[in-house]
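Presented below is the structure to which this report refers.
Note that the chains take the letters A, B and C in the order they are written out, and that residue 1 is the start of every chain.
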Amino acid sequence: MRAPSERAGRTRLGAWLLVGVLGASAGMLPSYAFAQEKVLRIGQLGVMSGPAASWGLINKYTAQAHINLINEDGGFEIDGEKYRLELVSVDDKNDPRVAIAGAERLVHQEGIKYIIGPNVDETSRAIIPVLADGDAFNVSYGWQRELFSPPSENTALGMIAGYQSAPLIYKYLRDERGVKTIACLPRNDTSGLNSRDNCVAAAEQLGLEILSSDSTYEPGTTDYFPVVGRVVEQNPDLLVLSGVTPSDAPLLIRAARELGYEGLMATETAMDAKIFSEVAGDLANGFISVGGASAPEIRTDYMQRFIDEYEKVAGEWNDEAGTKVYALEMILQTIKQAGAKAIDDVAAFKAVVPEVDALNPFISEESIKLGWIGDSDFQQKRQIRVPMVVTEFQNPDFKTLFIDTVE
Amino acid sequence: MSRGLLRPLAGAGLALLALVYLVLLPVYFSHSPYILRVVSIASVLSVISLGVWLTFAIGRINIGQAAFALIGGYATAILSTRFGLSYWLCLPLSGILAALVGTVLGFGILRLRGVYFAMITLSLTEAVRLAFLNGGEFTGGASGIPIIPLPGELSLFGVVLMPSFQTVNTHLAFYYLAAALLIVTLAVVWRIGTSRLGWIFRSLQQNEDLATSIGIDIARYRVMAYAICCFFGGIGGSYFAVSQQSIYPNVFGVPDSIFFILYCFLGGLAYVAGPVVGTFILFIGFQILHPLQEYQQLIYAVLMIAIMLWLPNGLLSLRWHTRADRAELARLEGREARS
Amino acid sequence: MEQVIVNGAISGMNYALMALGLTLIFAIMGVLNFAHGQMYVLGGFVMYFVYTVLGLGHVAGFAASIVTLVIVGLIFERFFFRHALRMAAREESTMLLAAGTALLLESLILVAFGEKQRGMPPMVSGVYKLFGVYIPAGRAAVFLIALVAVVAFILFMQHTKPGRALRAIAQDKEVSALQGVNIERYSALGFALGAGLAGIAGALLVSLLAVNSGLGTSVSIKAFIMVMLGGAGVVSGAIIGAFILGFAEALGYAYIPGSTTYLLIFAALILFLVIRPQGIIGKPWG
């Protein structure tokens, strides 16, 4: 039992420590630098650690590389004035709790109105109240329809969703490669299971027979041998890895091939050729996924310049970056269309969304222009129009199979 | 300086602290949701850690508190979304439910001590997480339960005790809820500490055989302490469920369980305020280190280990007395004071 | 079914390597090394770095992993645990210090190796098919190397002087000290050896399972399960626990959907430990 005076001393200390710590945190409030030049700050919130780290990192590197190019060219012009761009990046660790804190930090502490990310359904869903509360807008890479449909107004889809690409991919494989049976193997979390549901829906729509769709693997597992074994036993023509992360895909492919599976394997999103080559090598040949603007058939000189800058920022190119390069440009073009007031006023931004119609600087396909789409899927224009490039892995690169888009 | 003067000083310190915590901070930051949220989270994490502190008090290393926070969270989620119960009912019910689960489990596992008890509680954390993951329709599986409604109005006989959280500054409302939970929990645990129950718990910690020999039913009291611990875990989890308006299996996991004991330990196991000080300093410290980006976790770990090695009895054991205090102490301990 | 048995056996051998290091440290120092999983991850990253980035081949990779982990083990023992074990009034102190070291190691790995998940091609490519069972050559190679490592470890403990000293300390620290065994030096050796085993496990398994900086906690948990199941501090216990876990996992994944397997494993473990806390072969504790 402690003497009362000791307790008093310690309680006092505790009090002062607490006051000190809180005071310090108050001091961490950002002081806005009143710079001479005009600065436009864009936020980026995504998963930058763990097995899905490349998803968020790619958002960060693409945005940063693009910003570097724009600043190098003198800045981005809005209402006749040049703005220097700045990126503020926060890791959400793929955890909705951390995403909420990160979004609040960006919106309330840093005063940012436009955010690129997050990367999956759970984190995107979690920050919707924060965006509504703080009147901010984000371009998300989750797919769930609720994210982009009313009453949610401040979130847009930055890529082609699985339920949009899957039917196109499966149709191609059914018609060109004679696929009749399919199995879907998802990761056991919200995004994975949603992707699996999309897989099943698309398969049913196209008349493919579904041999297996309820096997799952835990996020964080790395031993796929036991799980894949079950699915491979059914011997489907096409095995879809629903919602697979770029790091897990090569291991899953290896497990399937090592268990004797000889059919086609595919997924609905972008993968990383380097990891494929490093981990699975030739075993991954023939794997079908989705690529982006970097496809040589459609890239512009500006895209080439972007690729070079990206390699400087990130150390190496990643094909997935080709699918995520559009978000920043879209945000900037829309702000430009609405005028400088849109920098702080998201309502002005949203008002001009239906009118935006600009050339996409990254692709030479002039029919696919930059604009907002999405009326059929979301009853409002909350998706960026981007090209969909379906690719096949041939060690060590991805080869283009066909190019399409959605409206 | 006589003893008589020390008490008012302690009182003044506490009063100042209360002023900052309950008035100055929330008013100054009433429109900074981030800061309000950080302090609110620290407050509720302290509540959960105080529960763990109680199990330390009976001599057990409890690395399972995250399980009960999760149970509390899901209880609130299910009761409010499936059964439409008001949050003001869900909150205590979640705590009670967690305590019930703790009681049932406690009878089985509290016979063990040391590393064996620690490992069982660690397994419990994972088991509970997996149980909710595999709960099918009832618990929502991997996506959990979204869109938990904000706390509504609480009124008694037409008098509004608590306004609906939607109609006021929500962040501020949650801040005060968190503060209330912390203050009540601290009061309860402190009261237990100074009561006969606390005396019994301490005797269990020191020597269970001795306790039995003077007629204490150790099994019953051990379970009681554990159940109270789980209760606090449950209400903490309930708060998180409603403030995030969603719950899913990964909200509380093994790293959280480990952090709860670390908070207790680093604050100082000998003091009731230990878990609170530990939680606030460590949690807020981590947030402050955010600008360090990838070095944030590293510096944090280094600081933690430094505290563990330098202050093995926790932060609150820092000696910070005036010379007169030391004389006072020495006199109390029956030694000659040095001048 | 045969495929399940083969999968279980291979997993079991991998896990045995994971569990040995943990149980050794517990036997010698009474500390449950929370950083065990992170040591495994470090071994994997070092192997990746030496093999893929530096291109120096598997043997250099193993050597580098072992050396790195031995150094880490020595540093941890000397600067963290030796002090704590002497001063600690409560046993919680060392356990929580171990948890702190786990966080430290994980942060260091994050800073040094980045957040991306890294994998490697199998050590040997190709697949064998025996009696209707697929055995990838890479997995077979890992199985054999792990077997050799485990056997080497057992021989070391039984037949060499340091090994016997370690076993003596594990059995009764005070009596060993009285008989002149230098406890401090052998604690350092024991810890370094435990860390080294974790490193070998990581280096070996990175070609099968890949590593990322967040993997440490789940590896630690698996190691804890095996060690507690078989009997903490007993080498044969760790091996038995490892194989039980390996087979349970293989069976579970084959016949029960997804995560329910581990739910059942944990529930069974808790029940088992309540009835028999010392594990299958462990010493009954007082």
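Keep in mind that, in the parts below, a residue touches a chain if its C-beta (ideal position, glycine included) is under 8 Å from a C-beta of that chain, and two chains touch if they have at least 3 such contacts.
Just so we're clear, the structure is a prediction, and the values are computed from it rather than from any experiment.
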- prompt: Line, ring, star, complete or other: which one describes how these chains touch?
  reply: complete
Task: By the contact definition above, name the pair with the higher C-beta contact count: A-B or A-C.
output: A-B
- prompt: Quick one: chain B and chain C, Cα centre-to-centre, how many Å?
  reply: 33
Task: Starting from the mean Cα coordinates of chain A and chain C, work out the distance between those two points in Å.
output: 36
Message: Going by the contact rule already set, what residues in chain B reach two or more other chains?
response: 133
For chain A, residues that touch 2 or more chains besides their own: 188
Message: Using the touch definition from the top, which residues of chain C touch two or more other chains?
response: 110, 115, 258-259, 262
Message: Going by the contact rule set out above, which residues of chain B touch chain C in the complex?
response: 56, 61, 108-109, 111-112, 114-116, 118-120, 122-124, 126-127, 130-131, 133-134, 254-255, 258, 261-262, 265, 269, 294-295, 297-298, 300-302, 304-305, 308-309, 312-313
Message: Applying the document's contact rule, which stretches of chain B touch chain A when the two form their complex?
response: 3, 6-7, 9-10, 13-14, 16-17, 20, 25, 28-29, 32-35, 37-39, 133, 141-143, 146, 244-246, 248, 250-251, 268, 270-271, 273, 276-277, 280-281, 284-285, 287-288, 290-291, 315-321, 325, 328-329, 332-333
Chain B contact footprint on chain A (complex, rising order): 2-19, 21-22, 24-26, 28-29, 95-97, 100-101, 104-105, 108-109, 122, 125-126, 129, 133-134, 188-190, 192-193
Message: Give the list of chain C residues in touch with chain B in this complex.
response: 26, 32, 34, 80, 83-84, 87-93, 95-97, 99-101, 103-104, 106-108, 110-111, 115, 217, 221, 224-225, 228, 232, 258-260, 262-263, 266-267, 269-270, 273-274, 277-278, 285
- prompt: What part of chain A is in contact with chain C in the complex they form?
  reply: 48-51, 53-54, 57, 188, 214-218, 220, 222-223, 225-227, 229-230, 245, 247-248, 250-251, 254, 258-260, 275, 278-281
